[in-house]
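Dropping a structure here in structure tokens format, bear with me for questions.
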């Protein structure tokens, strides 16, 4: 599948703090906004070319509204810290849209499972399903360490039923979001998940148990984001010879059928 | 001469553009402001320690008012560009005051000769002379490529007679500032100069001709600014053996008796 | 554009001195939205071996101050698959193609040269005798003049195409290696490959690369690369191709002034996939503006 | 502070593993407003030669991405002047002092060791072998195992003080040099010295350093330094002192985990003259917080 992509000098429209360590940045980037599909990502520059931090940072496309693109990101290091200090009208170089996103399943019931910042790519997916599959059920299961940590839930509520779980029990189910999933009674279910690796692995194991198809959105360190450097390899499930041993998150993914990774 | 110095987390009070490519930054840095003497400089950080641009940038102390320090700087590259984007309340790490400044001569008439951004260190000197030598004549000769380029002249006017020269004749004398100096009729004159090297060399040659003592403020690339790296060497006039061959701008200078450099 | 940017490496003549560095430009196709490969001096494709290589386990890359470490492990599908699946695509790109080869033995290098010989789509061969990532192979050849010379002869004996030997910077005297391969018939040398480096995650006390060590690239290594290019250009008569941290026109000019006939852009492709094409335009504009030719520039360092 | 930070290098025991690197800390005095030298593991003073050296003409330094190039040219007043004018001051600093020495010949090194032997203020000697051997046509002592070993023995024969050999990174196999000097009796090795690099001013087409080439230091070289420290620590039994781009506590920890017994802070002193003292505090706090000892840390890389 050939994806069209470009480098766009985006213009920050707003960059607001949404919880203790996360921000949402809305950027005018008409070209990329127009091409973006759910589950795809962009590579954003945090400095002038050749200056450090050298590499672009991969961030999921959280939302798209007309000519604007929204990124939901957590500040974890130098690059995201620089992003968090950007303000209105600042320019930001964006490369994208990149990667192979979610494929909307033909199942009648869609379950989106997000852990922490992993909720980011699921919003555009939910919107897309609601739009292209009117009447089909959408359930969102969101997990977080605590009540304060949840992100963007309200944006889901008008299109999906949302259930939440917290590690500390400060809101919703006291425990793992996977437990909520296990509790679902459904046959014709498609699961889409993004979050910490252990969580996604747990989700895909459950899906195998229940016979649901499952798509996972992976992360990996990236240099190019477009299949050139081969830096973003992750091992495939099963035994494979030669180059078949690895898949590349930026190009084959970031979204994979769960079986490709865990089986 | 042992200079007291410190690292101070200054606070930008204002940072205003003063001509096409220059800015004046006023910083709250009480410790350094209190210690600063005319002709000394500071080393300012343009990034977090260990991040590029790696080295601190040397800038002359342009002015001091109580707890604040003023820097007058021209944007020529990455570091000064970063400085020019700083705003009110931003923190800036300053190392200083550094170096050996101007020594106020016992001559009854003081002539300050500045070229371009070289005017920067002369303001504090003028203020200092006016304060410590009431009644003594202060003449300021300022040179620039054109009328628009002059900096801080008004701040001199109430303490000194100011004459200007421009390369393009757009204001004052059409020609070099050295020609103004040559025109001065004075016996008991002390000259202090800062600006492009050819200008300072010209000034010191004239002073030798007229028998005036002359102090020059030099520039050199610096790593430490405090005499440790030996990176800021400049050759001394005359023939010298071994280590005597060079002086170090950050410690022996930046201000030198002209004869030490050119003879 | 009214200015001649062409350069010659052996019998191969390039439109201009701007090439892409092996392993940083895939096989060109990924970059088609950003660069017309036909506009470049050449594209140097990802290293090819006799047999497929899965590459190293992840993590394979880590960012460092002013650079990055990679331990891809020379992942590639092997020469047969390259010929079957990539050559047709490369033909369509209309680009001057230099194929980077690597092996575990002299025979591997010879075999690769032989396999590529009949292909008109392959305009030149770059021999990687220096990749720091694999424990076996690579390194040894690039660090011993005699070995480097033997690889060179083996390749030359099996191809009529221009042969560029890509030198390792992880040596005491790179000029000795350069002279040895020139003597052995190399049509040009390209340098530098990556410096061997390492990074550690303090919390887990594990290396940040699964391979423990990796190759350092990017602006951080530019001063070392420029120095080596200058030293090599002083002693060899064959063309020198400069590589290492080149991201801007100013960087390109530094390498040309130091004595490089051409340059390769590596890590910079990741930050700006359009950079190679932009540098061709930038260099053209520079030469026009300063009314100088490439020859005026190359090796014009004033010392 | 309830945690033992002391380390031993031969017979010399240091308060803690944090030292300052030669040529980046003057003779300590300049830093007295920022650091109490007595709190540091040791200060390594600017390189001393038999006769005074004027150093190189300016420009001597240039900034690069993530680092800097220097070509100071080993400027120093010579050993006599050092003893006359610096030793008294060093005595007052109350610091553990390691004197860095350099020479053009084996005899120079021997002579320097002899001159320093009687001085109680000198606690150890660090030998800079990155200098050219004038007799051997200017090949650096540090690039040939045999020459490195001969310098080591010459110094050892003339001093009872602990001897640290400072290794050059501009070699094919740094472990071979390390093993050679260990064999010759070195009490420790410190690495790395600067990588040789270069920068060019495109407008004037001149080198940015009057000396054309210079030494690259700073964060840019950290990955190379860390890799070499790791490799050397694998093969030698004597203490390894890590040097290269260390600016933060995290950097210090990386080098210790890689196998360094101690570290030296160089270029970082220019950016923050108080950094060495801060790192002693930082390391102390870290060990307390994680309830681990230095021994737990050193060489604890999980591979």
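Per-chain residue numbering starts at 1, and chain names A, B, C and D are given in the order in which the chains are listed.
We adopt the following convention: a contact is a pair of C-beta atoms (placed from the backbone, for glycine too) under 8 Å apart; a residue touches a chain by one contact, two chains touch by 3 or more.
Quick caveat: nothing in here was measured; it's all calculated off a predicted structure.
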{"item": "A-C or B-C, whichever has more C-beta pairs in contact", "value": "A-C"}
{"item": "Distance-maximising chain from chain D - centres being C-alpha averages", "value": "A"}
{"item": "Separation of mean Cα positions, chain D and chain C [Å, integer]", "value": "34"}
{"item": "Mean-CA-position distance for chain B and chain A (Å)", "value": "54"}
{"item": "Computed distance of Cα centres, chain C from chain B, in Å", "value": "47"}
{"item": "Chain B: positions in contact with at least two other chains", "value": "50-52"}
{"item": "Contacts with 2+ other chains: residues of chain C", "value": "65-67, 219"}
{"item": "Arrangement of touching chains [line / ring / star / complete / other]", "value": "complete"}
{"item": "Chain C residues within the chain D interface of the complex", "value": "64-67, 69, 143, 170-173, 195-200, 202, 204-207, 212-213, 216, 219-224, 226-227, 230, 245, 250, 253-254, 257-258, 300-303"}
{"item": "Residue numbers on chain B that touch chain A, as the complex places them", "value": "51-52, 78"}
{"item": "Residue ranges of chain C touching chain A (in the complex, touch as defined)", "value": "23-26, 30-31, 33-34, 46, 51-55, 57-63, 65-68, 70, 72, 75-78, 218-219, 247-248, 251, 267-275"}
{"item": "Residues of chain A touching chain C in the complex", "value": "4-7, 45, 49-56, 95, 220-235, 240-246"}
{"item": "Complex contacts: residues of chain D adjacent to chain A", "value": "65-66"}
